[in-house]
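In what follows, a single structure is set out as structure tokens and then discussed.
So that you can tell them apart, the chains are marked A, B, C, D and E in the order they are listed, and the count of residues begins at 1 in each.
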């Protein structure tokens, strides 16, 4: 069998530096936005005491979820022994690290007191799932870092599988943890569901793979390398399965919620009369993020169209973004029912009314900067390290099924 | 939703905590209490007591907001300036409110009731459970508060609190009272007037205000001391915890909802 | 005691400055008769500046060479850089704004520096090839820096010293007046070792600092065909 | 030739403050200069977490004692340029974020703005006197 | 196959960094130069009495003349990045073959006599006296360095052990302790004009033979001119090209390319050697003297351009030093770089579409390319950094169908030396030559196994000679090494070439 040759990503300088420069610009703008938010206080955002987590959290959670999913390809390659995926393992590890870092940057900069990062890193309340998440995140960096190392350094090859397994379990734990951030919010009806954690896992698979496909194709286009159709077809089919699964989980989630009488209100809100959230659910999550990509991925008309795969992946991401938005913001917007059987006539604190939230540009810029941070890390990482195979031409013989 | 059954067990504690003595002393002799209160405060918060509030919604008057105003004053919340450029709507949504007035109508009977909502000082506070740094904490005497020296402003506690009892400080705070430091980027909520209580007072600011207006809707006291007014009152009539289904065993109880 | 330290630091500074200056002059004066840039090398002066920048800031060659060493070495040097910047607060009044802003990072950097040094020390002890090439001084340098770091962090976290006084002492010294230094054990250790470091700097492998800028294989433009490059002593041969 | 003794730091205590009239801080000066941050931190935790209010190193007391009054008798914030805390903190560039939350002047008993001295209302002054 | 009186390392899939074993190569040193090798070069005939002081004096002298030496002696931090980069260390485990170990042989003496710490605390900084043992160590280990500069790529300060080796060899020479092989050759060049000592008539004879061969093969008269005044191009090529396989096939290739380009060219008897062993012994004076022949020849023949044939260190001296040593070349045509590499020359013609190839002529081979260290790490081709990697590959790919690279860790700027450079290409050093080839052989073997490579092309006379010798030790065939221009020669279709040669031209498209 021909050995895979990994090579730093080289492409013509103006292209590379130009790309980096524009990413850097986006990041700079985002940092400016974050500074604006921190300097003035969060009153310059659309967030309030009702919607306490706004757009930055949507971005952050989206990226973090995608991060653990991005590792999927590596796991299939070295944990489950999918030879077709093996050469992609390194890049998948790098992307996972990049996405997580991007997400965390956003999360950090959205804190009320980011200057107290050291407090967050040194004082833990082990009862808090959030604290566990901090450990899970740092652990993720370490383990995926090690995993990358074992994949790249022949001397440590023998540890590849055990570390790969560890990374695999860690990342399942991480997504479960992220999902549980919501699962633990028993008070909020939208989140109080055991299915939240597995749903996050499957969401992570889908977004992570979509990110993977997009970055992979772009990287290869950037550097003028080739990817074989067969490989892409595999990735594409996998993506299709994940997208389907996400839809399925969403269905189960809402069905089980409908089963619990208490949750009828919030279900009605999301599915029927939640205004923007309902639209986002049906148009954003289901249509853009589910049905259209499925069509693009499975329709015979587009079997080998790379463009279709790119568009489908992009739509999966957009749909996923809406999905997280509906979960995070929609879940908060729906009022908590403190007084069953009563109707709130007046309250200065918006009891009983749907909270409104209009994100500001600053929040969006911060979130986008997070994505830019991820992409910058990936761009720099793949230039500095040998993560991308020289060529991803389909293997000549059908050895890789 | 009636929960007289899960009220704190008040019979086991027969003795009086030192601080209760001190508290009494403080009430008895406000002018000369300092050294005494000092001794009391030396001990800090004691687990021999559990502070709580009992709110009689029947007595809470429609249109009154004396408790809210008093709280704002007590804690220097009213010193906060509205940031320039902020709309009314956003100011309302973003300004801190440790206590709020809620007016309810029963969907069946149409009965109107009024009540103040503040942190319920849960015995099993979700806000404390979720706080990553342990900034949200419950003192030995049952008061739940935020240590704003370690709060990172993640707002997870706000997500977790079933009562929306907490506020995030969205802006710079130019002026504070010495007793209640507060500033941008942290989360805060009713602390049962901890500073006052530690200094030996036996009432909260909101209670004082309500009493002053003649409503007597708020009663502060030690839930664990069977002889305290609040314990007696709780025994006398059935009270409610809001969202009792969550089994948080709140320290703030309501009668007549 | 304060006087002893004052004198020590004056001497150390003189040795450091004069010693380094002499070395730099020596390097600058010694001709590089042939073009020996390690290729592929930049073909323009601007390219050389970029290359040097990458070497100095990112340790590019070391990165290519040995990733483990790179991680620790880079961590150590970057942290050292931040720590030194943070230290400027003892010597400038008023403290410059950027220096003020990095203050909080200086503390993390202190730990990072120790971590890097520890990694380097472990490698020096356990990798047989590196052990072979190490002389006692190679270990000593690492230990000196480690102890400087430990004593510094001790002052931060265990036994504080009076920083205001330290600053008054050093700013005073810069105006050639001798003040008093608080005599605290960690500070004494810290300052003694720092003085040692300064005195030995120009006589040791720490010459890699000026050296890297004068290394012909890195600082030359790759243009021998386009431009004739001739050392004075070689020119003399042509006559 | 170099043996001219540099000026030994004069005190940071400012003239118009209460401390100016006293001769010792809550601990010896040398100790305060080195360790006040640890004490403050320790006592902060005692106060906030344990409810112990009569700590030796209370920030409100620092302010009480060290804040300087201007000619008009109004207090100057202790973290203002040249005032007690800042005089050192600016000098050595140590951040003093405490006063983002903490009051920078003693609550003036006679003052108008912060009318706290009210019947029945707990006055923070009593806090200040607990020692 | 050659019989070795030493253990030939076994080829594994990878070359792992070995645990060090001291002294494994202490026994090996090259033959010592005799007075008649030394004296023409201006060195004492044999080891002088006061070698100790003379050596230190020379060290001082060199330090004051070479910034590289001075900085490199000071700057090393013993970081160890270079330790596992030398092919000689990897294959011999001898720590003195680690680049820094090699430098330290000189550095410890420098420290002892020239630095404060070394004078007063020698034990602290590892400083040592200059003793006869040290001198012998120098002789041994500085002649186990092929000056390939691989270590310099990875050193954070670019410390180039080759510079130190050169300095050490110059010191040794200055006390009369030179190496026979290099000094003998330099003497020959000074005397005859080439390394092999081929006299003019012998060269002429060879060239005529080549003309006949080519005509016989292609039916086209391709000239191989010698000492033709007024030719456009002076070709300077390693003397190995005049007789040895596979070098000579390369020379045929050059001739065909020049012929097709329609440019007049010539060789020169006095400059019948591209190599410049003066570099190996670090002697600026000797290097300059050798280089001056080329200038003189160019002036005498009145050429407009100078082109160098395939040789690694020759190209380094030509590319990087010629202008310095023998310049300025303002009498040549300024439109072309001085000097130009034959690959650059051919590449330009290919770019202009002036050459026609039948790529299938090389179909019996699957090729890979060995980046010669001096070309890779000390020179450039074309006008972009890295052209020295791209241009030869582009030429190869233009003339054959099957090309693959070896492991990327072993090519380009990180290429492994053939093991025979730097003046080690002598039988008395066969042990180090064979061992030193290990990393390259490993990569080649992997390429053979995994990618079906059959032949390796190179553009260096030393590499080609070395591989011819060494391949058999590793169970490969000596003719698996080929010249790049040999491939060009195979594939090029000369204008008017007879087409009935064989069946290969069926599909060749461009033989008008």
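Observations
Definition applied: contacts are C-beta pairs under 8 Å (C-beta built on N, C-alpha and C of every residue); 3 or more make two chains touch, one makes a residue touch a chain.
Values in this document were obtained by computation on a predicted structure and should not be read as measured data.
Counting only chains that touch, the fewest steps needed to get from subunit A to subunit E is 1. Distance from the centre of subunit C peaks at B, each centre being the average of the chain's Cα atoms.
Seen from the Cα centre of subunit D, the chain whose own Cα centre is farthest off is E. The geometric centre of subunit A is 40 Å away from that of subunit B, both derived from CA atoms. In whole angstrom, the spacing between the mean C-alpha positions of subunit D and subunit E is 77. Averaged Cα coordinates give subunit B a centre that lies 86 Å from the centre of subunit E. Distance from the subunit B centre to the subunit D centre is 30 Å, each centre being the mean of its Cα atoms. Residue positions of subunit D touching 2 or more other chains: there are none. Those residues of subunit C in touch with two or more other chains are numbered 104. Residues 17, 19-20, 63-68, 70-72, 74-85, 95, 98, 100-101, 104, 115-117, 123-126, 149, 152-160, 163, 284-285, 288, 319-324, 327-328, 337-339, 376-380, 383-386, 388-389, 413-414 of subunit E touch subunit C in their complex. Touching subunit E in their complex are the following residues of subunit C: 23, 26-27, 30-36, 38-43, 47, 55, 59, 61-62, 64-66, 69, 73, 123-124, 127-130, 132-138, 140, 200, 203-205, 207-208, 211-212, 214-218, 222, 224-231, 233-234, 237. Taken in their complex, subunit C has these residues touching subunit D: 3, 6-7, 10, 89-90, 93-95, 99-100, 103-104, 160-165, 167-169, 172, 176-180, 182, 184. Every residue of subunit D that touches subunit B in the complex is listed here, in rising order: 44-46, 48-54, 60, 63, 100-103, 106-107, 113-114, 116, 120-122, 124, 126-131. Contact residues on subunit A toward subunit B in their complex (touch as defined above): 38, 40-43, 47-50, 52-53, 111-114, 116-117, 119-120, 123-125, 127-131, 133-134, 181, 184-188, 332, 336, 338-351, 355.
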